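The following pair of complexes shares a single chain, chain A, combined with chain B in the former and chain C in the latter.
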Partner chain A sequence: MTEQNSTPVTLTKNPDGPTKTKLKLQERLAAVENPAEPRQRIQIWSLKREKKKKKKRKKKGEMHSFGYRFNALLTFAVTILALMCAIASLSDNLNIPSPSAEIQIVNINWFQKHRQGNDEVSLTMNISADLQSLFTWNTKQVFVFVAAEYETTKNSLNQISLWDAIIQAREDARFWIHTSNKYRFVDQGIYLRGKEFNLTLHWHVMRKTGKMSADKIVMSGYRFPEEYR
Partner chain B sequence: MGWIGESIDSIKSIQIRQLLTQAVSLGMIVTSALIIWKALMCITGSESPVVVVLSGSMEPGFKRGDILFLHMSKDPIRAGEIVVFNVDGREIPIVHRVIKVHERQDTGEVDVLTKGDNNYGDDRLLYAQGQLWLQRHHIMGRAVGFLPYVGWVTIIMTEKPIIKYILIGALGLLVITSKD
Partner chain C sequence: MDWQGQKLAEQLMQIMLLVSGVVACATSYILGSFQMMVLIYAGGVVLTTLITVPNWPFFNRHALKWLDPSEAEKHPKPQQSVSSKKKPAKK
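This part shows the complex of A and B:
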């Protein structure tokens, strides 16, 4: 035993199966017997670990490592996308809009009591507005509409949209339009004669990312005629 | 071919303890999804907090396949808001914008008329026969935010059910064969 241990070189030259395993066993034994040789020990340990790893890899298969990589990449990409969206929507807070609008009622085309018993009116307006300051690089569209708002003894609030538009570009956000009401202006009841009402320009901003927001300009002091015409 | 054989091997090598662990983790996934959905219902106050846009009637604001987040608060409904409503006799809810509001003086009830931004006329044709206004109870919530494209997954899955089964099968196999 001690003899063979002293001459390992000659043995490795002879690649016989059993002798080789014998040698390995002897090597291990020697390492246990002689702890002064840490190098050998380490080698054996690492061999063992390699074998274990190989076994594990074989068990799991390659599919998993691909799946894990793909998952990690996807998670990372989505995180970055979410972060960028958050920054973009936060950047909208830096913009302080200062829109302006003016609405003129040019003509009351007609004003009647309906057969069902509701007042209906048709009117022509001049609308001019400058909403350019609402637009930032994160704005998808601005929905703008003019609503007549008034209170009657029956209803605490009536909102009737008269005209609306979708603005998608900053260049189109400054406009002047001469129009009659796009939607029918019908009251619930017969309360419109001599009634005072507001015309309100509302806008709803839809962003590419982030919250939708809305605001309005109220213009008051409009009045219906005292008699049907 | 390699990994199929290995997958079969791994299925064969499953022990009862592993099987239990996998069943529990699968249950965890399902229940956590349910918990998130119910929690969203509580927070938003809407019976379906997330809806998918199915038509182009709100273009260019909302396109087919966008996901909308709904919120149902006590705030009164006002013109210009985008609401999701159910019409009697119609299964699928509709997402449109409010154009007329009449709020009653004594009871506070509201009559609401809606219209799709991309439609020519108002929604009276979509409402039930003879219905002129929407009331509060028709409205499921108002849209507060949206996520583009994500809803396509649902649209594709409802229109082509085969893809749904393939996807569920693949996911199930992945859960069974994974060891961690």
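This part shows the complex of A and C:
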């Protein structure tokens, strides 16, 4: 900056001095003689700046830049993650479960006919089951429920859920429970007296990745009492 | 990053991700833990990111040598547009 200021100083040195064109000529001559003349310096400086700018532009526009590589990496990573999930869900086919279950009816608490004309029964059951073999590394949780299933003249299949639970860990999958029916056992009609019925343990396996699957164990040979009590 | 560096980075990225995926799958299947798989794979992805995304010096070992401008002027670019209307046959 100090050198730039020096030009007007030379102007003031000879006040009756040269006209504009003459001054330009002088300046040019001076520039040729003395390369450190301010104008040239400015030119050199601006050239350097342009070069820097070019460098920056080159970095930004580089094909294999930071963002490009990061994008490629993310895309590939997600693809492989999807593949891994597919493998995980396929690996469940290698597991052949062997669940077991047993339900005892300890007591028929009461057995009545509603005023509207529907039978309702209350039971106490012992449910014991071992569903540990359903659990693999890809199992999130297992939903189990006990349903009473029987046939009447009105409906070819009656299915009434009596009890259910959600099992979230392999350790809890082997259980024994003494319970009365959690949900009301009401028939559509008055067909329950002396009726034979099945108790079925259903389960739905929910996986971390993959399709939900369901299966059941049917236990037969249960019978309602002949009379209301 | 030079040409060979780009190739190296891409190959490194693919191989490292594949290996970490396989390792994650295998170990967690043996240990029976899905969470383990996700954690191992996440670790692999972060490691791969740190190795292949920044412009490390070992990606810049084969710098391209450009011709000097004076050398380039001796062999000027051939002018095509004047000679032919038809496109030159490409192989």
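Definition applied: the second predicted complex is superposed on the first by the 155 of 229 C-alpha atoms of A that agree within 3 Å, B and C clash if a C-alpha of one lies under 4 Å from a C-alpha of the other, contacts with A are read in each partner's own complex, and residues count from 1 in each chain.
One rule holds in what follows: contacts are C-beta pairs under 8 Å (C-beta built on N, C-alpha and C of every residue); 3 or more make two chains touch, one makes a residue touch a chain.
Keep in mind the model is a prediction, meaning the values are calculated, not measured.
J.: So, A:145: does it touch chain B (first), chain C (second), both, or neither?
T.: A:145 sits against chain B, while chain C stays out of touch.
J.: Which partner does A:161 reach: the first (chain B), the second (chain C), both, or neither?
T.: Once the two structures are laid over each other on A, A:161 reaches chain B alone.
J.: Between chain B (first) and chain C (second), which does A:136 come into contact with in this model arrangement: first, second, both, or neither?
T.: In the superposition, A:136 contacts chain C only.
J.: Using the touch definition from the top, say if A:90 reaches chain B (first), chain C (second), both or neither.
T.: Neither partner.
J.: Have a look at where A:204 lands relative to chain B and chain C in the superposition and call it first, second, both or neither.
T.: Only chain B is touched by A:204; chain C is not.
J.: When the two structures are overlaid on chain A, which partner does A:177 contact: first (chain B), second (chain C), both, or neither?
T.: In the superposition, A:177 touches no partner, neither chain B nor chain C.
J.: Which partner does A:69 contact after superposing on A: first (chain B), second (chain C), both, neither?
T.: second
J.: Could you give the residue numbers on chain A that contact chain B in one complex and chain C in the other?
T.: 62, 64
J.: Spell out the residues on chain A that touch chain C in their complex, using ranges where they run on.
T.: My answer: residues 62, 64, 66, 69-70, 72-73, 76-77, 80-81, 83-84, 87-88, 91, 136-138, 208.
J.: Applying the document's contact rule, which stretches of chain B touch chain A when the two form their complex?
T.: Residues 2-3, 6-7, 10, 60-61, 78-82, 97, 99-105, 108, 111, 115, 117, 122, 143-145, 174, 178-179.
J.: Which of the residues in chain A end up touching chain B in this complex?
T.: 58-64, 67, 140-141, 143, 145, 147, 152-161, 164, 166, 168, 183, 188, 202, 204, 206, 210-212, 214
J.: For chain C, which residues are in contact with chain A within the complex?
T.: By the definition above, chain C touches chain A via 1, 6, 9-10, 13-14, 17-18, 21, 24-25, 28-29, 31-34, 37, 41, 45, 48-49, 52-55.
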